[in-house]
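Structures for review follow.
In what comes next, chain A is part of two complexes: it sits with chain B in the first one and with chain C in the second one.
Our next item is the complex of A and B:
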């Protein structure tokens, strides 16, 4: 059993690195896009908010797997011929951005309007108000749900295996294809996913407890 | 080179999509029913149980919530039968997986719902001489159900979307139908241009219907 695990682990390890790579790219891209969209939701005029609402609802209303297939098969039709990796990363990032945007919108709208007015009164520009007044306060409400949602990204990244990217999921499948031992390999892969995601869940709970005082 | 859209092939096999959609909704519905039973039973076990039951429930919840659903689908369909020397069909396997999966999320929902039942209502039940079973069926359960209804509808929508994963073990639901048409006619652009809106519109329609239901049963405030 241990021997089996030792022979299997190097393959799964390579897959795990791909899973982490995909997740990291998606997290960075979605953080940038999502926070920008969140600011648009909170402070944008109607012609910004409406399209954002539409995009967010469409993205969140589509099953992630369907979104990956749509990006993979429809973007070439729009003249953008993509390899599986960028296609999958674009789909995951778009999906994640919509979720980050909702978290950011909630965090930003929770800041009392008086704070922004005070910033205006002392002559801060919009960017300064965001950077020095809104974001530092909104961060405490943004961070716990965002860290918690990182597990969704790691779990969602397993779907890239279905367009042929050898992540942890597909690496496990390939090992099974050679060894015909599905159960131990799946359990091993599950434990690897669990280790990452459980650590993130615990971190999220710690952060939540740390920031609990602002919720009185 | 110009690509000419031709939806004829999609219409020709449209029954695969409609039956697929019907199956998707059914999968989500059956799964959430079983998931509710699991969730409620475990929430009660958690609130009434000792340290060991609580530990077991927590282990189940944490394991399921921290592992990708796709992996659970494979694990239940390929992994478990290979060790037990038995087999079940893909649909049964997927419903079992989705029920186990939703159960882990619904435990938390029901636990919060049970906590939200006011102490005074239970005490009032005791005062008028209701048995513990009556207090549970007549008071805790109905009040709790009204509290958790919005969470249940969200869970149902999310399960409906998750049914697309059933296609990987060849359950003939909507995504499988789409992939079938894609493989057999090579009309991948057309088929996804049709299937994407089907998922969106169905999801939104279910959501609107459930919100209506919530309004009907919500506790006070919004008539």
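Our next item is the complex of A and C:
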């Protein structure tokens, strides 16, 4: 059994790296886009909020797999022919951004309006108020649901195997195709997914403890 | 030309169908402490929040040290609301202390006072720290500087709020019912800090329900009712010899609550 695991591990390892690569790109992109959209939700005028609401609802209401297929198989009809990797990353990032935007909106809206007044009263600009007053306080409410969504990203990234990207999921299936031993390979792959997400949860608990001192 | 430091003319504002300010005129000279009194909903807090443009105003003019605060020019068609950057510069010179303190809960007392000095005034950290320590000492909080707001009593928090505002060395200080959220035994420490500032010549516009405070600190008192300034005069004229009927009934109601 250990011998078998050692022989299959190099193949799964390459897949694991691809899974981590996809997840990392999606994580950074969705964090940047999502937080920007969250600020738009919380403070933007109606002409900003309305289209954001539409995008967010459509993205969150569509199954992730459908989104990936849309980008990969439908965009070519609009003249945009994407390779599997960018197509999958764009679809995942858009989907995740919508979720991050809702988390950010909730965290930002939970900050009392008096905090913004106080920031204005000492002459802070909008960007300064976000950086020094709103974000530091919103962070505590943002972190727990966001880490949840990051673990979802890692798991959801397994869907990229369906457009032919050899991530951990597809690597596992390829090994099974050669060895006809599904159970140990799937267990091994599952353990790898678990290891990533467990590390994330531990990191998040540390982070939350770090910011727990902030009182209301 | 000697224009008063704060000059308000024909100020008007509506929230939807409700008029909250109607033709308000008010002058505040340098070193004056003008106290605004009046029943709830009379528009006095809105008036105060218009001066540093936490609320926009629809009609009329507010000038602070000669600068129209909310718009790029005097009243008239085509004047535009000021942009964010201009507003930030104008607000930096107008201090405000809030009813609910509004301290930044993630920052210590010292950091609360330092934030505007470093980020808005661009002061080096050491200089900002020295100035913040000076003002916190002035309001009697030398031993509380590294506490977070959540670890301070209401009175202490409000004194940090005062230090945060005056450390910016504003041209005028706006005080919005700063003792209304305090336990009665904590009111005195906050008011004496303000009285000290008034003695030092700080120009102030004060909204308050504390009539003894209004009498002691106010160089002039303004009575507002139903969105308008109804009466204006010295503390004696307004509080001791009130002539206006609505002012008299307002004072009588306050009197009964206070005793």
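One rule holds in what follows: the second predicted complex is superposed on the first by the 201 of 216 C-alpha atoms of A that agree within 3 Å, B and C clash if a C-alpha of one lies under 4 Å from a C-alpha of the other, contacts with A are read in each partner's own complex, and residues count from 1 in each chain.
One rule holds in what follows: a contact is a pair of C-beta atoms (placed from the backbone, for glycine too) under 8 Å apart; a residue touches a chain by one contact, two chains touch by 3 or more.
Small disclaimer: the values here were computed from a predicted structure and weren't measured.
K.L.:
So if we stack both complexes on chain A, do chain B and chain C clash, or do they fit?
P.N.:
Aligned through their shared chain, the two binders fit side by side on chain A.
K.L.:
For A:189, is the partner it touches chain B (first), chain C (second), both, or none of the two (neither)?
P.N.:
After superposing on A, A:189 lies in contact with chain B but is clear of chain C.
K.L.:
Which partner does A:80 contact after superposing on A: first (chain B), second (chain C), both, neither?
P.N.:
neither
K.L.:
Would you sort A:156 into first (chain B), second (chain C), both or neither based on which partner it touches?
P.N.:
In the superposition, A:156 contacts chain B only.
K.L.:
Just checking: does A:115 make contact with chain B only, chain C only, both, or neither of them? Give me first, second, both or neither.
P.N.:
second
K.L.:
Does the superposition put A:124 against chain B (first), chain C (second), both, or neither?
P.N.:
second
K.L.:
To make sure I follow: the centres are taken over C-alpha atoms, the vertex is chain A, the ends are chain B and chain C. What is that angle to the nearest 10 degrees?
P.N.:
110
K.L.:
More residues of chain A in touch with chain C or with chain B?
P.N.:
Touching more of chain A: B.
K.L.:
Nearest approach of chain B to chain C by C-alpha atoms in the superposition, in Å, rounded to an integer.
P.N.:
Closest C-alpha pair between chain B and chain C: 28 Å.
K.L.:
Where on chain C does chain A make contact in their complex?
P.N.:
Answer in residue numbers: 52, 54, 84-85, 87-89, 91-96, 98, 100, 102-106, 115-116, 119-120, 148-150, 164-165, 168.
K.L.:
Can you check the complex and tell me which residues of chain B touch chain A?
P.N.:
3, 62-63, 65-72, 74-75, 78-80, 82-83, 161-165, 167-168, 175, 178-179, 182, 188-189, 192-193, 195-196, 199-200, 203-204
K.L.:
Please output the residues of chain A touching chain B within their complex, sorted ascending.
P.N.:
Contacts found on chain A: 57-58, 61-66, 69-70, 73-74, 76-77, 151, 154-159, 161-162, 169, 172-173, 176, 181-183, 186-187, 189-190, 193-194, 197-198, 201.
K.L.:
Help me check something: in the complex, which residues belonging to chain A touch chain C?
P.N.:
112, 114-115, 117-126, 128, 132-133, 136-137, 213-216
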